[in-house]
């Protein structure tokens, strides 16, 4: 009952009829996963709608404190990464194995870049005393700690995936260097924070002070801002981890025109992450 | 078929396919995963049950009976959270669903076996995280985690929140798995029109899980950060809105109520035709009704919030929509009754549970209408009337359905028969105990006794005491059931492949089924309930 | 399985399509930022959302290849959007249709007060501090202790412990006069409401309590407005605003309370 | 009249609305009963009639569109009727008439505070005139609470940061229980108060701080009006003394004054009545009604020897009735 041209070429899980059947099923599974992602984010958008709807002036004023340039940079970075991801999928589908690796690496670094920009955006805000909710105007390191925990664990996972690839942990592999680099970056950011800023006397930004004087509920805007971008950031991190995993597999030449399910599925996920940001950017940065 | 198929003989089945604890812990076989779910959940059912008995004991007299207020608040919180998040939500999909669904579809396994095993361990991890608070400060927020109390309480609520958060993903993955399985892995000839109603029910349930659970995830996520860093979205001290939290919570938790009840309805829809030797009445209507309920489930959540201070418009809208839940539910109940009409009814234990299901679920459903109406709800909200109502639907509905299914499929998956006599006794005991427990609570609620009360006025005493007595009858019933079922597992008489002469696919393979469910993938030629000619 | 046969095979995007779509995305991004410069009044938000939606659908249709994908997957994606929308819309039905005066601004209880003996009691002054000390020794020491360190005789039997005024750490509300005054008036947590104290006493207490610890946050006019002080008026509108005046005998009684503390 | 429904399905009708509510409630109940007996009756009959007997074969029926149509339409109509009626009654329950007397309410862990238009504050007892519309404007200072008076069929959550309103026009004088129905922590079940519905002129008297002797506040109405049910359940105090005990518990006297003779911040109340007492700043005297009243209103005047001068001022927080109650209570605290 096999109706597929390639089942003879690539073995597939035996409860499926054919590799094609398995591919279709996996893809549907991925779409269902994205469906639950949409509903997950819908929560954030409800909070956004409610808080903005109830305090439009506060919202506009508070959004003024965000840095549009950085937001724009990130938008471009993320769209580019989406582009390279699409290219990677295309390369895998058309047996361009070397290209596929390079495109994936590009995607990985663009994602990394996105987070670095976010990192500077966040820490700058923290120092001006711009923190979500109760933290507003009295900075604490809690948020930084949480953020950096995510960062480090992502780096750890990445190198784990790299290491478990078929050909193991060889320094000659690009993916190995990537994971080392990722480690370096996250460690650098962490250490630089603790050396540079931990416990330093912070100057509460005057504009933040004025804002709260004018709108008592202003901290809520930053609850939404940090909530939305933070959760999105976590998704970017997750994306980087799986992309690293793809890179190491692509290096082992596991993907070809007959089998590219993982690349395609991760591609779907990555485009979704991009999609969310496409809405977050105007909703957050451009309301002023 | 591809070439890997091992030659089976009757001797080897999924139970003895692999040996040793490791072969169980790492199994990808949906049947074994189902059994692991079943075992884990029943353990938590025991814990949750003990808490319910403690609660009832404390309420035996006004004032202090066996524990102080603090412990009582924790007791009912644990009873609620454990029973909801760790028992009745995963019970039927996780345990029975995993056991039966793929076989009913004529599939060798679920679409993503590894994901399936993963979701079991995710569930286990979440459950253990939540349960760990038993050895920490405990938690006293009630299973609803309403803010701002859940933000202010000194107890270790955050672990329970995180546990529920994690368990949510187990549900989501199971849902994804089932949907894809039903879409992609149906046996040849098993068209949508020939799916057994249990499959339809599981399908609707999975849709609910995938759509609703992520909202619970984000809710708990925000609430955790509320406690960690005070982001203030739900905290009025910082300008947030506690009622918004209730919207978030019920957007998940109302559909969750249907996640609990729909699979049970599915089971009943299997049991009644088999033991009446008659096709289900109005198959199409039944299937449509299931989805009707599932969809409406998403647009009625704020009927839990009539007195919360939400806008009157919201009260109007949600009360109106809620009324329409009654229609598809009614259709199902009537059709079940009509299925029995002019049948030949065999009084086996599953059928007895089906009868009790019809009784308690009808009561639960009808009182639901009373609560859906605005005026009456104002008086009954958060009183024992509500407590009785949702126990009639959730406990009555889900647990009766589960017990029916458990006895119905017991021979298939254990390969032994359960003893009919003792089973009937425990069924009657549970049914009577149930009514003795919860009917008085309707009256208590009407008289105005609020729920979650550690202490109550003297004139409520009698009814509370009756209720407590009833709860112990239920306990006795369940313990007896556990006893004879365990006995049956080790030394029950061997079961034939199809003791109930059912027509759905799980009865077309040996009991217990082989490792990959079927020796030869069956080809379906007709519907699941066509009890004609010699099939009667 | 025949029901798989109808399903489309996987579609391969050409490099050309990908690049073109990418370029479109960049253009629209530039457009979003650009139009944000102009003011379309009420249309600002819809315009921004329109552009975002176009970008989103480009990504979904081509990068995610929904255009070429199986019907089931398209249905799944649309479903997610529909239910997200349901969530937002039905929540709004509550949030945006509540009564106008539903949110608390200022004290919950109306002021029970005789006209102020101090001018501008919301402004810290030595008279207020000395008066505050007296009232404090009458009303507060039992729990908060004579030095305001939260170690009064009654503190032993209280949980949570009374606030220690000498440190700024973990106050429930902000350490600024208006907030302290609001707590005095309405109470918070286990702290009972003292709304039935004369307004003067509550302001005096406020300044005294804050003087015990490090420098408090300053009040803005908006903060003061929340506790019923209209800084635009010389008397802060205390004389006139607020509730109907007390029955005279009751007012006298309140004075008497004051007096009792003084002796 | 006893305001509790110790027997019977639902509480007494304390308001006009309650009567409407009951009518609607009984309608719903009857409809539900009908459907219940329909379903369960059919189930039992079929189970008996069509039980498996040798030789009998089932009839093959797949469905019947007419009957399915009928049992889709009829319930739809019924529930719509129920909705419409429920909505109309609800409207009456929530829309207060213009010019209703406004009382401010604060719910806090674990007591109710009421403030009247002239600024007086009472705790856990809401004094209102009969046959006058009363509007409660409520908020909370800590967590969610819910204001529930079964006799009036009214319930409304009390939300921090928000005002919620509820109104009623009591038609029955006497005392009606207030419950908190939103879980609010440790003493949730103790957060119980009462609405004291007074005759118009009695209420005027009370408003001037005078004491009221009214027969309708007599035995069984007070019976229903205990603050702490556990207290009511266990002691044989006279009604007034019980009320004194409540005040002792609610007003926080417990923090400083024990009942068992143990020395806390203040002197114990054990055997306080008539006790000869030495003061550090006044000449000795025996404890009597005047002294008790004085020490509550002007605590600094006489400081008992060996105790710090830290008693809080309770001036304006007690009514005449409260003072009497406290004194009654103290009398019961024999050596």
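Labels A, B, C and D are assigned to the chains in the order they are written; within every chain, residues are numbered from 1.
Convention: a contact is a pair of C-beta atoms (placed from the backbone, for glycine too) under 8 Å apart; a residue touches a chain by one contact, two chains touch by 3 or more.
As the structure is a prediction and not an experimental result, all values here were calculated from the model.
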Two chains joined by the most C-beta pairs in contact, as defined above: B-D
Identity of the most central chain, Cα criterion: B
Cα-centroid distance, subunit A relative to subunit D, in whole angstrom: 53
Inter-centroid spacing, subunit B versus subunit A (mean Cα positions, whole Å): 36
Whole-Å gap separating subunit B and subunit C, where each centre is the average of the chain's CA atoms: 40
Subunit D residues counted as touching two or more neighbouring chains: 142, 160-162, 164
Residue list for subunit B, restricted to those that touch at least two other chains: 183-184, 188, 211, 215, 237, 239-241, 243-244, 247, 309, 312
Residues of subunit C engaged with two or more neighbouring chains: 1-2, 4, 72, 79-80, 83, 87, 91, 95-96, 102
Every chain pair meeting the contact rule: A-B, A-C, B-C, B-D, C-D
Residues of subunit C touching subunit B in the complex: 1-4, 72, 79-80, 83, 86-87, 90-91, 93-99, 102, 172-173
Residue ranges of subunit A touching subunit C (in the complex, touch as defined): 1, 3, 17, 20-21, 23-24, 27-28, 31-32, 34-36, 38-39, 41-43, 45-46, 49-50, 53-54, 68, 72, 75-76, 79-80, 82-83, 85-87, 89-90, 93-94, 213-214, 216, 264, 267-268, 271-272, 274-275, 278-279, 281-283, 286-287
Complex interface listing, subunit A residues touching subunit B: 1-2, 7, 13-17, 21, 24-26, 28-29, 32-33, 35-37, 39-44, 46-47, 50-51, 131-135, 142-143, 146, 216-217, 219-220, 223-224, 226-227, 231
Subunit D to subunit C touching residues, read off their complex: 104, 106, 108-109, 113, 115, 117-121, 139, 141-142, 160-164, 208-209, 252, 254-256, 264-265, 297-301, 308-313, 315-317
Footprint of subunit A on subunit C - complex, ascending: 1-2, 4-5, 7, 9-10, 12-15, 18-19, 21-22, 25-26, 29, 32-33, 36, 45, 48-49, 51-52, 55-56, 59-60, 62-64, 69-70, 72-73, 76-77, 79-81, 83-84, 87-88, 91-92, 95-96, 220, 222-223, 226
